[in-house]
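These notes open a run of structures that come right after.
What follows is a pair of complexes built around subunit A, which joins subunit B in one and subunit C in the other.
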Partner chain A sequence: MLSTLYAVLFYVATILLIVGTGMKVLKYAKTPAPLKIPVSPAPRTKKGVVLRMGREVTLFQSLFKSNRWIWIFAILFHYGMLLVLLRHLRYFTQPVWWWVELVQPFGVYAGFIMVAGLAGLLFRRIFVNRIRYISSPSDYLMLLLIIGIGVTGLGMKFLMPVDILAVKTFFLGLMRFEINPLPMHFGLLLHLGLVAILMIIFPISKLMHAPGLFFAPSRTQVDNAREFRHLSAWAAQLPPLPEAIPDAEEK
Partner chain B sequence: MAPLDKNTDEAPKIVGDPFKIPDMECGAMADTHTFEAAPEHNEPLGFPGELVDNWKEVAIAKMGELAEKNRAFKVYLDTCVKCGACTDKCHYFLGSGDPKNMPVARQDLLRSVYRRYYTFAGRNFPWLVGARDLTKEVLDEWYTYYHQCSQCRRCSVACPYGIDTAEISMAAREILDSVGVGQKYCNEIIAKLKKTGNNLGLNPKALRATLEDLEEDLEDETGIAVKLPLDVKGADILLITPSADFFAEPHIDGLLGYAKVFHAAGVSWTISSYASEAANFGMFIGSYENMREVSWRIRQAAKDLGVKRIIFGECGHAWRVGYSFLNTLAGPFDFLDQNYPIPQHIMEFTSDALDEGILKIDKSRNDEFRMTYHDSCNVARGSAMGRKEGGQFDLPRKVLKAVCNHFYDMEQDTIRENTFCCGGGGGLLTDDLMDLRIKGAKPRMTALQQVSEDHGVTHMAAICAICKTQFSKVMPKYGYEMDSIMSVHQLVANAVILDGQVDDDDEDDD
Partner chain C sequence: MKRLFATFLLLIGLIGSMAQAGEDATSSLYPVIPKAAGAPHPEGNDFMRINHKNLLKHDRDLTMRLGDREVKYSLKECIACHAVNGPDAQPVSVKSEKHFCRVCHDYAAVKVDCFQCHNSKPDPDLVKQLTMLPVKDRELAEYLEGASQ
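Up next, the complex of A and B:
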């Protein structure tokens, strides 16, 4: 019964995540940028922009320059999470890919790093005046949600082991549209429930910063306005202005 | 971290920390409300004269329209994670302590309303995501705090997602204009420009008389007939310069500098009375249409006069519009000489002239000045110069070093792309915001005081008309003479020696 419920939950969550995020991204891509607004000094070539964005995505370059504490916690969290996610691929692949095996030992401990990074961010949100001022309930809840996912995951790994093979059977089954029994383990059910919530709220929350980053004109535009004329479709439709100076204004 | 060595005789005196984060003081700037525009200022720009009855519906609809028409606005409203990296980056926050002057808090004034009407979470769970209804109080708050943003983009450099508060602030002002709540300073000026061709309302006759006076001054000084041509058809170069260059100090001295450089280079050039303004306040109010109309005059003037090139004088936001937007707004410029950048900055021209050895320079003529350079925000973060990335930082310094013996930069984190705004940009250069302007100048002034302490710097050069006016007003509040701010081309003018120049050894620099 609960297995069926979770199966449905994950189908729904997956659809909402993919369709919701896809629609948002499509919207970003289709919305015109009327002017060239790269924050300079900006690259003068496409290749330069790819490198700039590469540094932003992998090193959080701007954050590194602007706030070292947030940068440290953000790096710990995001890279910790990356390893954890890669490690989790083992529950969706059979046989497990060789490089996922390779990640496995790091992925286990990356969970601690991820939670530590999140705890640091939460600490700052609570204790740094300026950041508390700008925080809404959702900002705290988002951190608590991901911390909850991390802690329940670590709990299953180190404190109250779960029948992980059954879990894998359940997810491999879902991928073939079969529902296999999910172990009735409180930590597991909580872990999976929180993950489903995260997937569902992704497209309607600030988690959209991940894809949104690639659509920020201030970072992604090439600095070449003098060389190439940039014109948005709606601006091209504006009524034409006269080429000659109107007579009344002639000196 | 104990300040044991500070301010002792041996160690250089620490005058202050430009980055010092003030204690938060809620509402500190809530009463700083710039004068609102009258109907005669709003209507010529295509806006309702005064607050419309259905302002709420109009404002919400406008917000939605902007999210459809401007990717930056849409994406920036969605992607902020409230990390807080920008919170200590705004000079107005550093100077005032008002938390609503923190960039993210400033954005949230609008984002909270956007969420309420345009997002699933805000429509259904407003308390959860900090969404709120649009009320008259909110509208007033927008007016107050979006006119405490100089659109300098320092926060955008700090943001991990490149969120640019300037874009939000421009959009907010456009929404305000669309319901009939304009700012007097900006809207009055744009209306004036549409009538006379410049922000001052200077008519062609007065402009000609001013330029003739300046020609006389130049001839008295050098013994050479250096011209400041107006409306000369068939000239090669059209100079587009801020109208402040015609009447304000130290702007005029910069204009004389361009004239000397053009004279020495032997090029033919002209000013246009129809497009006698580089400034484009359409940018400050976020109005594409107004910005386009103002820019279009440059195209019309260039065609009418039959010039081959366009060169911009020293003006910060004008150069952002010139460099980044002009081709979009008033292009394509296929009728101009494609061998030169369109448009070109006077700094690029002077830099090339120096490289080619056209200018005869006597650096010692600037020995009385110990200089530093203030990177103007719009030049630094909204434009570029030359062929290499970062030319907007390097070219002015190169020119300054070529004409001065004493040049020292301020602290690295307060210059180049991290430069602090002067405190008067973005349509805030009005006397009714003087308190804000003085507070906003504090980080820059602190960095200047430090370089004065360390290297005996006496003067600061800039290439922005707004910076120059702002500093000449606020520097006296920080212990400097009002003429401690100089045009870069003023220093060029001092040092350049024209062929056949006779010096009467009567150097009166101000």
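Up next, the complex of A and C:
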């Protein structure tokens, strides 16, 4: 019964995550960016922008330049989570890809690193006065939610092991539209429940900074306003100025 | 909103009916775990599936460092009952995908370190001792052996 409930939960969560995120990304893509506003120093070629975005995505360059110790926690968390997510691919692939097998032992350590990074970011929200002043409940919620997922995951690894064969069969089954029993294990149900909540609120949360970064005109624009006139799409559609209006110089 | 709710209800109904269809047999997605030869574990298979790694903590740690001289579980005995025979009717080593340990460990992508040092093939004498006689008879044999001494 609870297995069925969790199956429904994950189908709903997956649909909401994909459709919700897709709709938001569509909205971002449609939102006009009428002005040329790359943050300088900005690259003057398209290739330069690609490199800049690459550094931004992989190294968090702008965060590095603005705040070094937040950058340390952010890097720890994001790269820890990357390895942990890659490690979890073993539950969704059969046979498991060779490089996922290779990642397994590193993913375990990455779990601790990820939680440590999140703890650092949480301490920042609580103990840095000006940050606490601007922190909203949702900022705390996101941190606590992901910390909860990390801690229950590590708990299952080290304190209260669970039958992961059954867990894998459950998720392989979901991908083939069949429901298999999920082990009735408190830690597992909590872990999966929190993950489902995260998936559901992802599209309406600040976590949308992940796709949002690619639509930030201050980072994605080429700094070539001197070489080419910047004309936004809606401005290009305006009718030409009537002849009767004289140019400023002729007055 | 109403339409969304109706869609959810429909989805739940569909999945519910799916669950009933799939309940009768163990899933084909679950690995096929080879049957063992000896007496079943008193702790039960579910316990063993989760905790065997702790029971197999190395004697180096348990006996040599912590001084426990009565380690109940031995890898040798696991291997003896859980031997899987290859096409040549001989027990396969861990190099074969059919090896008992590998069936699940491959499925879960968990590396087995044991066999870097230990033998993954059973000791024939131990196999005989553990599997030829049922439990009652084995106890009797041990008793007789003791009595004869």
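Just so we're on the same page, the second predicted complex is superposed on the first by the 236 of 251 C-alpha atoms of A that agree within 3 Å, B and C clash if a C-alpha of one lies under 4 Å from a C-alpha of the other, contacts with A are read in each partner's own complex, and residues count from 1 in each chain.
As a convention for this text, contacts are C-beta pairs under 8 Å (C-beta built on N, C-alpha and C of every residue); 3 or more make two chains touch, one makes a residue touch a chain.
What you see is a predicted model, and the numbers here were worked out from it, not measured in a lab.
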Contacts of A:T4 with subunit B and subunit C, given as first, second, both or neither: second
Touched partner set for A:I126, first subunit B, second subunit C, both or neither: neither
Which superposed partner A:W234 touches (first subunit B, second subunit C, both, neither): first
Broader residue contact with subunit A after superposition on the shared chain, subunit B or subunit C: B
Which of subunit B and subunit C A:N67 touches, first, second, both or neither: first
Subunit B versus subunit C as contact partner of A:R219, first or second or both or neither: first
Subunit B versus subunit C as contact partner of A:R90, first or second or both or neither: second
Which of subunit B and subunit C A:S40 touches, first, second, both or neither: first
Which superposed partner A:F177 touches (first subunit B, second subunit C, both, neither): second
Subunit A to subunit C touching residues, read off their complex: 3-4, 7-8, 11-12, 90, 94-96, 100-101, 104-105, 161-166, 168-169, 172-173, 176-180
Residues of subunit B that touch subunit A when the two form their complex: 21, 24, 67-72, 74-76, 78-89, 99, 102, 104-105, 108, 119-121, 127-130, 153, 156-164, 167, 197, 204, 231, 273-274, 288-289, 292-293, 296, 299-301, 303-304, 323-325, 327-328, 331-332, 341-343, 380-384, 389-390, 392-393, 417
Residues of subunit A defined as touching subunit B within the complex: 24, 27-28, 31-37, 39-44, 48, 56, 60, 62-63, 65-67, 70, 74, 121, 124-125, 128-131, 133-139, 141, 201, 204-206, 208-209, 212-213, 215-220, 223, 225-226, 228-232, 234-235, 238, 241-245, 249, 251
In the complex with subunit A, residue positions of subunit C that touch it: 8, 11-12, 15-16, 18-19, 21-22, 27, 29-31, 46, 49-51, 104, 106-111
